[in-house]
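A quick write-up on the structure given underneath.
Lettered A, B, C and D in written order, each chain numbered from 1.
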Amino acid sequence: MSPAWAIAVPLGGAVLIAAARARPNLRETVTLSTAALLLGVVASLVPEVLAGGHPSAVLAEVFPGIALRLEVEPLGMLFALIASGLWIVNSIYSIGYMRGNREQNQTRFYVCFALALAATMGVAFAGNLLTLFVFYELLTLSTYPLVTHSGKPEAIAGGRTYLGVLIGTSIAFLLLGILWTWQIAGTLEFAWGGILEGRASNAMTGLLLALYTFGIGKAALMPFHRWLPAAMVAPTPVSALLHAVAVVKAGVFSVVKVIVYVFGVDNLAGMHSVDWLPFAAGFTIVMASLVALRSDNLKRRLAYSTVSQLSYVVLAAALLTPISIVGAALHISTHALGKITLFFAAGAIYTAAHKTEVSQLAGIGRRMPWTMGAFAVGALSMIGLPPFAGFLSKWYILQAAMGTGQTVAVAVIVASTLLNAGYFLPIVYSAFFKTGPADEQGHGHGEAPLPILIAQTATAAGTVALFFFPGLFLGLADRLAGG
Amino acid sequence: MTFTAHFNSWVAMALLTVGLYIVIARGNLVKKLVGLSIFQTSVYLLYISAGKIIGGTAPIIAEGFRVYSNPLPHVLILTAIVVGVATLALGLALVVRIKEAYGTIEEDEIHSQDEEP
Amino acid sequence: MLLVLLLASALAIVRARNLFAVVVLSGIYSFIMATQLTVLDAVDVAMTEASVGAGISTVLLLGTLYLTGSEEAAPGHRPILPLLVALATAGILIYGTLGIPVFGDPSGAIHQHVAPRYLQEAVEATGIPNVVTAVLASYRGYDTLGETTVIFTAGIGVILLLGIGRRVRERAQGPGGGMQEYLVLRVIAKLLIPFALLFALYVQFHGDFGPGGGFQAGVILAAGVIFYAVIFGLTKAQKLVPPRLVEILVALGVAVFALVGALGLILGGNYLDYFVLDHDPVHGQHRGVFWVEVGVCITVAGVMLAIFYAFAGRRRRPDSRS
Amino acid sequence: MIAHHLPALQVVVPLLAAPLCVMLRGARAAWLIALGVSWAMFIVAGSLLARVLREGVISYALGSWEPPWGIEYRVDLLNAFVVVLVSLVGALVISYSRESVDHEVRREQHYLFYAAYLLCLAGLLGLAITGDAFNVFVFLEISSLSTYVLIALGRDRRALTASYQYLIMGTIGATFIVIGVGLLYLMTGTLNMHDLAQRLPAVEHTRPVLAALAFLTVGISLKLALFPLHLWLPNAYAFAPSVVTAFLAATATKVAVYLLLRFYFTVFGAPLVLGEMPLPEILLALSLAAMFAMSTVAIFQDDVKRMLAYSSVAQIGYITLGVSTGTAAGLTGTVVHLFNHGITKGSLFLLLGCMAMGMRRITLQHIRGIGRIMPLTTFGVVVGGLSLIGVPLTVGFVSKWYLVLGALERGWWWVAVLILASSLLAVVYVWRIVEAAYFKAPGEQVAKLREAPLSMLVPAWVLVVATLYFGVDTRFTAGVAARVAELLLGGFR
């Protein structure tokens, strides 16, 4: 099947959703079935990719020699699977959340969500840098209305930061890098081993890499991470799928993809002008964790945790060994599962108890056992303990770091693991083992609405399942590393 | 390259300077237009001088003349003059309307009036 | 030397504060310019400059001053910058003109390439001894069509901005009223106007042989009517030549011109090809030029009248500064 | 038979239609004539372009006097392309105009309004198509005078002063052009552009020729509103009737740019213009100044029409910047941005015209919450805004792409950076509109509005769709532009 369907399906979905605006139930049905259909389309591509095939499709020729072209390769396959799979769960969750909180403009919400997924698929399957850039920008624009959904002043302010950073970096750095690449390489097509080999000098490569890694603001490499906390004003489902999975992963995914298919791992390995990248990533990991440790607002803490976890992927890719690439690819999926669970839980708490601050959560575990249980699972996976998915990817990355003798990287990983524990475990502890303020003993709120529970339980289960059955993802990751 | 060789064009320059100066420096809308036409006429002089041939006559073919001045500049300038007066007429019409709308034809006062609302 | 006078009058214009003085000076300026142009063998241009610069422009300016008041305010800002701009422009031009062929030198490129051919073949090709007219109406007839269109544009512009044909109350003074109480004037006018029209016709058709042509004719024609209006009052004039008719004349002239061109196209030539207008190409040229000139004359006369009606139709406003 | 005369008809038909409007005098009749003629001209332009693509340069001798003695119409790929843009916008604007003009212009003036519009169209087309340097001046004045009139018809009294200001500056510009042409004629004895191109090399380095280049540059820059000679533009655009603004913004400055290209590369030739003089450097400096200064000024405007007017000056900076690079890619960027910016701004101003149906002035305060009341109009504005920013899948992106490539080709990497940086300024002013339109509560004045009638929305949206379509499929726009660029650099010698 042509990968173009992966974009066409959510697009069509968006149209139908808009058409069904008058009838909420029908509208949500459309959303769910679109999500299911999309997963089907994506899944149908897996066998061919596992077999080493690269299904592709040309959408349009924009410039002579540069077309909007889709080509499915293992990394994109992996990313698309995660995003489309979690969209189903997230849609179930959204229904519970949006109705539970009686949100406004729900149609606009679902339409933009579908559009955002279409853009995500485009990023995942992009066959060249131009296509990647186009869908990358579309993703930004389609998620902007979701960030500013409430229309409140703080939402608009958040939207400004979001748009400012993402559009700014992408136009000022990424586009420049792309044009420069075209200038020196004469092509923008992704190719195994890179297209810059022997075309760009040592210094040039370092500069280009900087343009790419910072230009892809969605990877939230410091100092261009501010948009992510700012985006937390959005409704939780948005934070959950887009700002824990689709958008941010589109960022790190693009970074990995550029490193593998534009620069070429071996090519970079030979260059000393790129040695700064692990440090930049490491810095982000530690700093973000520290901020997370000190922020009391739950979603904010999760956001900074995301910032730091994203840089794991960048760090892994920057280690430039096959195994580290596998680690990077895996971390994209494992972190996605864990973090979405955490956000689901945060949203559940907000819906049921209208609590947003960490300090308010004492004893909440008794009233919301399922929710906090899921939260605990996610947290442990973040920290990287078995038997949770997070362990796998961290393990690979650590191995790679030791293998390459990058002591800094090793130190960073260890330190951040401790920090993760530092800012997650207290929440779990106080939730279950402390008792809340006296006044709350009386009127008790119960669990969150059923759809929310289903969703978060599913993802929590996923994190465990992925630890025991990583076969599919490992397979794809290996294909990527092996070429 | 003697002085007289280009005397006409020198004068043309001077007129051009004067005209342009009036246009830019003066705030009165009518005076600006007068300056504008001086500016334009200086160009007429430039063209026509270029078309003159010493010892030539007006380019009306007749017995007894062999050297005629170049007719083409004359044609061009005829057009230019007409265009000039057309512009002037339009400009003056605008001035009249501006006077009716603002009660003045002095640039500064018009600006000060536009600041207020 | 004329040129010095020219310069003097220009400078006088800069100095003068009273706008009536400015207008009169610019009239004088145009006259000197016209004379200077005659000296340079540009008789047609001179005639036009005289009728336009000293004639129409002056009348227009006076009409405007009548409506807008005649005192110029002292310039508020320092005139240094404008001076610099103007001088810079002149500077570039002086730099440029230092390289042009010496004045009156027949060996200049300008006298070598295109122009000679006009002087040699114009007469037998078009049968028009006045080469200027020949080039104007035939070789570069398309420019003239454009020129006529420009006048037309200005005409409808003025009509749009000021409107014509609004009923004007008879007033003792000004263009609105007229001065029919002066018997002598009336008689003279009655005698003069036909001559004016005759003269217009003469200029119109003489254009082929001597200086003159559609434009000048149109101006004189209009002048006749304007004269009539001044004597007998705008209302009578508008009865004689109703505004609607003026509008039609304005458009008609251009239309005639453009259609003559189209005719050439229909008869199998290019646009504005006069050769095909008659089996004898020279006659064709003649015919073409004739009708084209008629077109110009009509539009010019129309526009002049339109502008006159438009300005005369306005009522003067009190000056805000007094 | 008729095909042979297309170049003449392209200009003469609207020119002849104008007096017809005046004689018929009916408001509706005038509109119908204008409508018919405009679309006919678009067809003519299309077939001309097709023929040029097929057979190459078309030469048409007016009055059957062979050039350089008579006036020649000379259609090559460049001006065929420009003529298509002008006539296309003209046709759409006139289809849109009826309701808007009914709303903004007194009815008894309509027949004259449409006559003036037709003259403006004829002037611009003639300007673009002629091959004679002096004929340029004549048609420039036709278009200019009609433009002054059309601007002065705006409802605000400031329209009058804007028109007057433009009249003064425009006339100075035109006179400069006459001086330049005169100097060229002085040195070569010819007025025909093609002939000039042949004879100039002989006298290339004489002072008059260089002075002519200077005068033409300044004169044309006045018409195309090159910073800092743009002073007439913002008020003219802000206070002219909506229809007029849309038409001018999309065509007038573009034709002026065409003129610049024509004189630079056809008459003087790339070697002289790009080679011996500091001209490219000056152009570059002014373009960058325009891009940054004017975009910044635009950010601080509250009147949306004014904001977009300043953005136009900034966008002209991009166009001239492409010229200054003197590279194939850069010139491609220039030519393609002519077209792209034309349709983008055209659509934007048409949509603002839709808003103007309900409000006298369109300021950020007036359009609060208009996104809910006029969804189609507002969304169209957003699309246009994205194109101004240069977001992919819009034409703006295509232009930027080539411009940056041009800068890189020339080795001006810092210019490339600046081009991209300046488009971030566009993000700011566009987003001021977006936030006002979508995230503010509608005032009671806005709440009374209704979505604009289809007769206005359709033409406007045709341009919006074009903005998107040519952002993806650039075979026509960029394709032609690339060929033009190589033509220009090759010179016509």
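In this section, a contact is a pair of C-beta atoms (placed from the backbone, for glycine too) under 8 Å apart; a residue touches a chain by one contact, two chains touch by 3 or more.
Keep in mind the model is a prediction, meaning the values are calculated, not measured.
Innermost chain of the displayed assembly, by C-alpha centre distance to the whole-protein C-alpha centre, is D. Top-ranked chain pair, ordered by C-beta pairs in contact, is B-C.
Look at where the CA atoms of subunit B average out and do the same for subunit C: the two points lie 13 Å apart.
Annotation: 75 Å between the Cα-based centres of subunit A and subunit C. Note: centroid distance subunit B to subunit D, computed from Cα atoms, is 28 Å. Averaged Cα coordinates give subunit C a centre that lies 31 Å from the centre of subunit D. Not a single residue in subunit A touches at least two other chains.
Residue positions of subunit D touching 2 or more other chains: 134, 138, 141, 145, 148-149, 152, 179, 185-186, 191. For subunit B, the set of residues that touch two or more other chains comprises 20, 46, 50, 72-73, 76, 79, 83, 86-87, 90, 94-95, 97, 102.
Interface note: chains touch in the pairs A-D, B-C, B-D, C-D. For subunit B in complex with subunit D, the touching residues are 20, 23, 29, 32, 36, 39-40, 43, 46-47, 50, 72-73, 76, 79-80, 83, 86-87, 90-91, 94-95, 97-98, 101-102, 110, 114. Residues of subunit D touching subunit A in their complex: 386, 389-393, 398, 401, 404-405, 408-409, 413, 416-417, 420-421, 423-424, 427, 431, 435, 439, 472-475, 478-479, 482.
Within the complex, the subunit D residues that touch subunit C are 5, 8, 12, 15-16, 18-20, 22-23, 25, 60-65, 68-71, 109, 112-113, 115-116, 119, 122, 126, 134-135, 138-139, 141-142, 145-146, 148-149, 152-153, 179, 183, 185-191, 199, 203, 206-208, 210-212, 214-215. Here subunit D touches subunit B in the complex through residues 134, 137-138, 141, 145, 148-149, 152, 157-158, 160-161, 163-164, 167-168, 171-172, 175, 178-179, 182, 185-186, 191, going by the rule given at the top.
Those residues of subunit B that touch subunit C in the shared complex are 1, 4-11, 13-22, 24-28, 30-31, 33-35, 37-38, 41, 44-46, 48-54, 56-62, 67-79, 81-90, 92-97, 99-100, 102-106, 108-109.
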